[in-house]
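Listed after this line are the structures, all set down as structure tokens.
Each of the two complexes below includes chain A, the first together with chain B, the second together with chain C.
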Partner chain A sequence: MSLHFAALLRRHGLLVAFALFLALVAVQAEAFLTPSNVLDVLRQVSIIGMMALGVTFVVVAGRLDLSVGSMLTLLTVIVVDRTNAFGPGLAILVTLLAGLAAGAWNGLLVGVFRLNALIVTLAMLSFLQGLTLAYSGGSNVNVADGTTWFAAFGRGSLWGIPAPVVIFALSAAVLAFVLKRTRFGRAIFAVGGNETAATYSGIDARLVVFAAYCLSGLTTAIAAIIMGSRVMGAQNTIGQGYELTVLAGVILGGTSLLGGSGSIGRTVLGVAMLGFIQNGLLLMGYPYYVQWLVTWGIIILAVWIDLGAKRGRILA
Partner chain B sequence: MSVAETPRRAVAAGDWIMRNHIWVFLALTVAVFSFASPYFLTVNNLGNLLTQGAFIGILAVGMTLVILNGEIDLSVGATLALSCALAIGLQTSIGTWPAVIAALLAGAGLGLLNGLVVALSGMHSFVVTLGALIGIRGLVFVYTGENALMVEDFAYTEIAEVYLGPLSLTALVFFGLAAAFQWLLTNTRHGRETYAVGDNVAAAHDAGINVKRHKIVNFTICGTMAAVAGILLSMRLGTAEPNAGRIWELWTIIAVVLGGTRLSGGYGSLWMTVGGVLTLAVLRNGLRLLNTPNYVELMVMGGVLLLALALDRALLTREGAR
Partner chain C sequence: MTTPILTVAGITKTFPGVRALSDVSFDVRPGEVHALVGENGAGKSTLMKVLAGLHQPDAGRIVHHGREVAIASPLDARTRGILLIHQELSLSPELSVAENIYLGAWPTNRFGILRKRAMREAAAAALEALGCDFGPDVRVGTLSIARQQMVEIARAQAFNANLVIFDEPTASLTEAERAQLFATVAQLRSQGVGIVYISHKMDEIFSITDRITVLRDGTVQGTVETAATDVDSITRMMIGRDLSSYFHRARADFGEETLGIEGLHVPGLVHGVDLSVRAGEVLGLYGLVGAGRSELVEAIFGIRRASAGRMRWRGREIPLPTPRQAVDLGLALVPESRKEQGLVLGLGGRDNITLPHLARFSTLGVMRPGAETRVFDRFRDELSIKTTGPDQPVGLLSGGNQQKFVLAKWLCAEPRLVILDEPTRGIDVGSKSAIHELIAGLAEQGLAVIVISSEMPEVLGVSHRILTMADRRITGSFTGDEMTEETLIGAVSAGPAALPSAAE
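Take a look at the complex of A and B:
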């Protein structure tokens, strides 16, 4: 029995720790595990989660994307401003295309020209921040007419489930299928695991990495649409620091930054954990910044235990 | 001198320029801004520019060692904020200099913690220090209670107001630390082995180098440098803001990479980093003097970084072709 328990802990240590945390908070704060609170938390994490879905593809392919936070800011400004100019339909199309273009630019430099992903996306972070300010002129933009169907993405609901959660869940399901069951998904794992071997087995690594970044741009665009619709406006700093929160979620889920392993399900779990930790600590009466300390501890512990389980020992 | 020597010399000169492209680039930016703005090439402005750049510079000194080792430290901005807060907040209870020493020790301790976790767990330093970035910022907020701390005795802000000609104490500390650690890199065993570990960990390990010890030492140095920058910032501002140093880690990495040090480790120097820090400072200062909006600055930074990366790639390809 104890052997089984050890094996369970090793395989699903993260899940066990998470369940323990949930139980602990639920005992202390009655409101924690009520359906309405759970849905609230899920709605709150759906924007970070949406971005994390695309970033997971990039990370599994062995690369990094630090530009998604700035990209979210720019795209939110675009979707809000264009909704005022063109109406929601065209605005959403423009936003999706802009996200795709930003992702394609990253993908071109990292995938095709093989430049260092960290620096390319860092440069992009700075560049997109500049572009946002140039576009908005530094002022906040607001949706002029809040009664159009543009409000549905952030504020609507389907059978009592908030629309952001529905969009996030559907996207997660589709992308989980893509990553796990399609040729493209397997190519992502192959490139992230061993790029040379992938190339020799006939996979065009350049194209695969390029496509992963395009996907990351696209999911960020969807996140921006939810954000713009939720807030009915956009500030010039709205996505600042999101890139690191997104990465924290991906890592917490157990996707390795070295590439070649991970899954959409793990990312969803990681992002949900971030949300429930934040919510739980707030409900227990701690100031919001205590969650950062807890996140620090949990990231280190989760990744360390994960690595230790793979190696069979805990110290390197 | 034979005919064949001239092209070879030209090639050598070309190589030198490509390897030290940052200094050529710095000279170019200085020249451009000198022509563009009458206020740029004044002793006063250059002195200010060096002081402004020195904070990122001091962070970059520690970061360079960590990057040469093949690792990265994302937590320097948060560590800077914590040291800044401790140096000011502890003054009333334990006195000025003990508070400064405590701030220094806190930085060193957090660096040591990062180093120990990286070395013992075998985790990617990006993950470890990303966690630390989030957590240390939490510590800052817990300590300051979200408020900006203000120094009670303003004599404290006079400490850093020491000038050697146009050079402020902050700038002098930056140049002094860069020179000292450059000496450490080229003339000590720890320095040489730092390059060896960054270039090829497995080979370094097989050659009998204690890889873990070098990483721990360099992370500790990096944390200490962040504390030094934080203490100097607290002296300059007289206040400690909980959000101080946010995304400075990214500017620091940009400065190091701009200088020509490679993120993959094993290649680079503190001279390059000084060049990168100065170029960044000149660009920011010069663009502001020309009254360019903030967004141009951000876009130019992004462009320059990509340029540096492309140059480095060109150099690597040439070396590979030979």
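Take a look at the complex of A and C:
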């Protein structure tokens, strides 16, 4: 009996702690669990969440993507600048293609040429930062025409639900299906779980990893469109540090960094948890920097639990 | 009567959904080799992991040297002198032999600095005592499996173990290495060490053990003196029924050639191999470990790139395939190492079975779980696999049950040629004969079958024709009456030059 309880706590300990936290904040700050605040938090996390969806595929495939933060910056600059040049329709197309290309480049190096994912994507982070500055010439860009329908993605809403939340939810649903129920998803799990066995099963691991990175580029492009539309402009630092927050959300959900396990649902949960914790801390009056310290603590906790579960599985 | 080194009484251990051990009692005496036998998943490894501190029992007592003890961790077990030599070896390939012997218990001085010299010397002494032909400074990754095993045994020597547990130690050893291992076991035994010996090989059990304890479904069926029993009664205790014929050879009814290989060359690994196998034929590939058999079939399957070679597939000349193309043509390769090459341990049995055939089990890229579950159910019943369900990660299964999933994975898509690399390694006697029957059945359905095995009786028992390999070349081809132990041994030990007939 006590054993089952321990197992339950190990599996859902974070969730229990999170529920306690929600209750605690709700008591102290009345505004916390009101529909408008909840929707607000969800809107705030939808950009991070959007990126985390693609990164989840990469992580389940046993790799990492640390380039998504500066990729977001570049793509946001592109979508804003191209909206001024071509109008929103073409700008969005160009942005999606650019995101795909950036992801494909990572995928080529990590998947096909088998270079170390950490190094490749860290280098990419720096490269894309440089590219952003070269592209923008160092100055911020703004959407010139304030009345364009481009504003809908970040500022619009559907039946009272903010458009970013709608886009995030739809994408999460589609990608959850892809990861769980399709051939591609199964191949991702196999490659992340045991690449050799996947190869012996006729699965081309290079291609699978390549595709995972392409997807990560694509979801980052969608995030950039939401971001550009929300801000109606872009600074050269707009996505700085996002790669870590994204990874934190993925890990917090319980997707293992070792690859071979995880799910989109978990990632959505992890990202939402991050959002509510940060929002709760603000509402309780803690200074902004406390969020960062708490996030650190949460990540260590999540990784520790993940490791504990793994060790339990191997030895116990 | 001597007092036992170790007595366990009433041990029970459950995992979610499985009762692996229930009320298990047995004892080990000093200077005794005690066999532990039972079907795959009977609980042998689990029981030994309890003794080695890897699992904590839910109930029961362990008495060691007359005192009741709780074995908290592997290190605790080791300091008590209890040492488990794992079913799958567990050394650190990057460390030296000496460092591995003392892994986790490195001798240090009072400043916490590693006492390298002392460690080296003690390790060298242990290796010397066992008659090992390598020194303490060699990197473990460069040693053969048999020598790695000696490193684990040297640990027992170095820590003055009083109880050594061998979990299927001979699964990947050659005949000579096996003899060497038995000599070592005898040596430990004469030092008064108690030994628990787990194996599925009856000949071993009957040649080196003093008593036998039979486990079935986690319960002890009985403990008997080896001298007072025989293979049949032990088998009956294990599986609860009689085993009729051990080997079953397929009817010899051959069709056209399924696969032909000419001049296959993989630099450094396979030298100019020709072979041909027909529909309905079982071709045995016999050789010692390291002869190049696995490399040969991996090249055929496209896992290794061949530098030269031609391939005929059902009468047509085709380029050497990639693994994907090989699967699609109808080739199946049951690889040698189930954990590394065979299975994704974190996935369930169902997902593992369908992994090579995702297209077949999906529509427009979407998997059909119903169809997947149906094959899972079919093979679970056909091969009597012990698992709690389609989603139970295969990493949690016993070694033999994992092997059955590897077989299921390759048989489920009706291939035309099945290559089996050591298909019965770690499989219990009952399932072993079931697999031999399966092989015969496949051939009788018109499949071509290639069986690699290091077990002489197995190759002789199931094959219609046997190719021998030594030193990465084919050294002989034998059929009918030519297939005897003597001819095979001659063909794998003499070089190719000494042999009149080459492969066909």
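Things worth noting here:
One rule holds in what follows: the second predicted complex is superposed on the first by the 298 of 316 C-alpha atoms of A that agree within 3 Å, B and C clash if a C-alpha of one lies under 4 Å from a C-alpha of the other, contacts with A are read in each partner's own complex, and residues count from 1 in each chain.
Keep this in mind: a residue touches a chain if its C-beta (ideal position, glycine included) is under 8 Å from a C-beta of that chain, and two chains touch if they have at least 3 such contacts.
Since this is a predicted model, take the numbers as computed values, not measurements.
When the two complexes are overlaid on their common chain A, residue A:Gly260 makes contact with chain C while staying clear of chain B.
Contact with chain C, but none with chain B, is seen for A:Thr199 once the two complexes are overlaid on the shared chain. By the touch criterion defined above, A:Ser139 lies against neither chain B nor chain C after alignment on the C-alpha atoms of chain A. Legend: residue contacts after superposition of the two complexes on their common chain; A:Thr147 is shown touching neither chain B nor chain C.
Between chain B and chain C, it is B that contacts the larger number of residues in chain A. Residue contacts after overlaying the shared chain place A:Leu118 against chain B, while chain C stays out of touching range. In the superposition on chain A, contact is made by A:Ile251 with chain B only, not with chain C. Contacts of A:Leu293 after superposition on the shared chain: chain B is touched, whereas chain C is not. With the contact threshold set out at the top, residues 314-316 of chain A are in contact with chain B in one structure and with chain C in the other.
Those residues of chain A lying in contact with chain B across their complex are 64, 66, 109, 113-116, 118-120, 122-134, 138, 240-241, 244, 247-248, 251, 257-258, 287, 289-293, 295-297, 299-300, 303-304, 307-308, 311, 314-316. Residues 72, 74, 117, 119-124, 126-128, 130-139, 141-142, 146, 212, 246-247, 250, 253-254, 257, 263-264, 293-303, 305-306, 309-310, 313 of chain B touch chain A in their complex.
By the touch rule above, chain A contacts chain C in their complex via residues 7, 181-184, 186-187, 189-190, 193-194, 196-204, 260-261, 313-316. Residues of chain C that touch chain A in their complex: 16, 54-55, 303, 322-324, 326-328, 333, 335, 340-347, 351, 354-356, 358-359, 362, 365-367, 369, 393, 395-396, 409.
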